[in-house]
Amino acid sequence: MGVLIEGIKPNVKISISDIQNLLDKRKPKGKLTTKRKENDELVILSGVFEGKTLGSPIVAIVYNKDAKSKDYTDIKDVFRPSHADFTFFKKYGIRDYRGGGRSSGRETVSRVIAGAVAISFLSDKYNIEIISKITQIGPFKTDKWDKTSDNLPFADETQLKDIEKYINSLHGDSIGAIIESRIENLPLGIGEPVFEKLEANIAKAVLSIGATKGIEFGDGFDFANKKGSEVNDQMDKRGFYQIIQVEYWEEYQMEKRLYLEQ
Amino acid sequence: MGVLIEGIKPNVKISISDIQNLLDKRKPKGKLTTKRKENDELVILSGVFEGKTLGSPIVAIVYNKDAKSKDYTDIKDVFRPSHADFTFFKKYGIRDYRGGGRSSGRETVSRVIAGAVAISFLSDKYNIEIISKITQIGPFKTDKWDKTSDNLPFADETQLKDIEKYINSLHGDSIGAIIESRIENLPLGIGEPVFEKLEANIAKAVLSIGATKGIEFGDGFDFANKKGSEVNDQMDKRGFYQIIQVEYWEEYQMEKRLYLEQ
Amino acid sequence: MGVLIEGIKPNVKISISDIQNLLDKRKPKGKLTTKRKENDELVILSGVFEGKTLGSPIVAIVYNKDAKSKDYTDIKDVFRPSHADFTFFKKYGIRDYRGGGRSSGRETVSRVIAGAVAISFLSDKYNIEIISKITQIGPFKTDKWDKTSDNLPFADETQLKDIEKYINSLHGDSIGAIIESRIENLPLGIGEPVFEKLEANIAKAVLSIGATKGIEFGDGFDFANKKGSEVNDQMDKRGFYQIIQVEYWEEYQMEKRLYLEQ
Amino acid sequence: MGVLIEGIKPNVKISISDIQNLLDKRKPKGKLTTKRKENDELVILSGVFEGKTLGSPIVAIVYNKDAKSKDYTDIKDVFRPSHADFTFFKKYGIRDYRGGGRSSGRETVSRVIAGAVAISFLSDKYNIEIISKITQIGPFKTDKWDKTSDNLPFADETQLKDIEKYINSLHGDSIGAIIESRIENLPLGIGEPVFEKLEANIAKAVLSIGATKGIEFGDGFDFANKKGSEVNDQMDKRGFYQIIQVEYWEEYQMEKRLYLEQ
């Protein structure tokens, strides 16, 4: 698996160990996920010099060490359920049966590498932080958001033991989940009008991940039962505000406004 | 408002009256929506000759007839809530205060024209049909899908009178809604791997519409409480199938498969 | 004819009369060119407000005033030589025989409008000036570059009367030409490495103009008989320089360098 | 050096030895070019399976074997003349001084690999052949086009010995050249109108190669002294033709046309 990353400015600090940490997080681990062993060791081939980006394309590769000698005869005619194997075979008329290729979950290795570089870039240049937690997994849900438990992806640490018990009881079956992401310190004006809105591009990126089937922003589908007057932002030339008091004097209306810090 | 449409093949039949019908549907109407009068008369400036596309860019315009003489002094410093007025002003440092421009709901005029051309193209060349209905509006929901009531956008005709009563009771406030769309006769293999998946591009297009805050495909967020074994597609070289019977003979497993028509 | 221009920053001054002047220069004029009358009156439909760009797409149109009523029966089956009529007919399978469309020289109306906006933008924001002169037309050539004669496109004013006589003697036939363009105040670093070099993009833009068949930069094809040592730029961290004196002291070589102003 | 190639259809035969042959041709060789030794051994990492393309991106790499251990201290502050070193340093503010990176002539390794794949693709699927020869090198020119001498890049084999003698006499200096390319069996209608004409895109591709300073199509700059009537193609609905005889009968003009095979 590899990735070519364009558009990263020069002189951004890149820590290979930070990327490697995120790759290790992605790896199927222990009891909670599949037993396939993946040893994802990162090599950066271009674009980084003495720990900093050069502004040229960054190529990073995780070489596949043990796959070569394997015998694939038995899976040559097998199509895995819920993968794009069948669609790819019909679309391209040829198939590398040794692995899922771009229809394999292992494709996310490349996304994790690129994501790690993007996180460094956004944090280093713009102080932007992105935090993601699982807020539902099967029957387990939470409204909590436990920022401290950094190594534990479920947002409510107290439910973790029950979740582990539940997943073990699935005996190798998989289970759905919902992830919530928060972006902090995003500057005003990111995204472009009409087709290139920020939410549109985030939605495209997220829905391009295999097996992802929905996305909401803010209250999402709950907006369907809300009135415009309930969800409006108030603003003037100075910024967004809340109306904290309204006074009427004859026909004239006077508001007291509390401006929100940006 | 206008639109420039590229990528439509030559020799596609374009009916101006069909586009005009969809524009008329978009128009704020009668009691159920805002009172602003919009008379959207379509002019096609290029790309169509004797009722057929030429393969060159199609430019279509709805001229704004009565706006010119108006006095805008009183709204020069007003920023409308829940619009991008404030963001645009900060981003561009200049503002055409006479209207919302690209942050106005009227921007969808251009989308409707392009959508009408796309519908003609997809129907004429690929027999693809796209049908959309409202399935929730405020407290009113339905699981029905009433294909016959073409002019009535809510999927369950029996609730329409109650919905009208409810909307009138809002006294000019707006209310959220959920729309369900179905695409029929979509050929296998549309979309490209990794970042250009069909669902990713539909999500981007839909979330680029102002005030849209979420999208789901299939069971969407309900997948969060479903197991892989419940939602898998089964397939082999011949196509997708359902397992209708499994027989075991010694260690050998034999399935009877019902192939689904594509 | 119309044009949609994207990527112009907000708050750039746009003078309609400046654009109109360039459109009038493009118009086939008097004795020296074809007798077709073109009255190119510019209308800007969007993207400009109170003489300044808004940052949104600029749409500008020159409406075709007298063409509508004309009878085209006699040219329905005629294909003009050295135009793309035949290729378009084969490629698209349909043809708007009333005019050349995108294979007509009149397509350059759109380029002139966009070019005029680009010139305003580059001049207003970066102080960049672009000057173009004809340096060969048929048998007439010049090495002069007469900046003062702004309204006369040939770079050597003294030959103009002979050129006019020559063109009249062609009795409606056309004649080739070479144009030289100079860009002043171009900042260092415009263009991107590998495929998006500045010269590559200029070459693409120029060769996309109908009937253009070649482009050279600097000495161009004359470089074929020049040595690397003759045409090298000398530079160090401070900038480009000329070596004005070289001194040797034992084995050490010392250069005196004259730095060129950027 | 590496390359990522997108857009190659599946099931195109790819011969690694064919690509390797072209890489070996590119290599600075023997007496006629620089003495730097380059051992360019190709590894294909993805997109090819059992000698055929999969339709997925092809990644090919030539690993740099002997460069790692070298000491670069002495060239840390050196900027090579006529390279983009200085521009890159100013543009990006950081520089990998160990090599020219994207401003090095070695960048063409990637182009040769991608070109070899493109040649296979065009030949395999469309029967298109592209042949290129040097027609001028320094003072040596030719109008001949010696197709048989495949391994000898100069179009006139009889001048080769004199050219070799001349180049040796340069003592390491370089000399300019002109290359002529011919594309055979190109189908009608390649390229798109206005900005994406075939000649425009070829010009961009060629001028993106370092040290390339001009391009002409057909008669190129010689068109400047030719009349429209001399260079026009004649065509009607059936195709391009030459007028071989014109007869007049009263006022009616009748041409005998010789149609050219396409």
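Read from first to last, the chains carry the letters A, B, C and D; within each, the first residue is number 1.
Quick note on the criterion: contacts are C-beta pairs under 8 Å (C-beta built on N, C-alpha and C of every residue); 3 or more make two chains touch, one makes a residue touch a chain.
The structure displayed is predicted, hence computed values, not measured ones.
**Student:** Could you say what rotation angle superposes subunit A on its sequence twin subunit D, using C-alpha positions and rounding to the nearest 5°?
**Tutor:** Value: 180 degrees, nearest 5.
**Student:** Distance from the CA centroid of subunit A to that of subunit D, rounded to the nearest Å?
**Tutor:** Roughly 42 Å separates the two chain centres.
**Student:** Can you check how far apart subunit B and subunit D are, centre to centre, with Cα atoms defining each centre and the answer in Å?
**Tutor:** So the centre of subunit B lies 46 Å away from the centre of subunit D.
**Student:** With centres defined as the mean C-alpha position, give me the subunit C-subunit D separation in Å.
**Tutor:** Subunit C and subunit D have C-alpha centres separated by 26 Å.
**Student:** Among the residues of subunit D, pick out those that touch two or more other chains and give their numbers.
**Tutor:** 56, 91, 102, 193
**Student:** So that we know how the chains sit together, what is the shape of their touch graph: line, ring, star, complete or other?
**Tutor:** Contact map by chain: ring.
**Student:** Dump the list of chain pairs that touch, please.
**Tutor:** A-B, A-D, B-C, C-D
**Student:** Within the complex, which stretch of subunit A touches subunit D?
**Tutor:** 2, 4, 10-11, 45-46, 49, 52-56, 59, 61, 91-96, 101-102
**Student:** So in the complex, which bits of subunit C are touching subunit D?
**Tutor:** Interface residues on the subunit C side: 77, 79, 81-82, 84-91, 102-103, 107, 136-139, 170, 173-178, 188-189, 193-197, 199-208, 213-221, 223-229, 231-237, 239-240.
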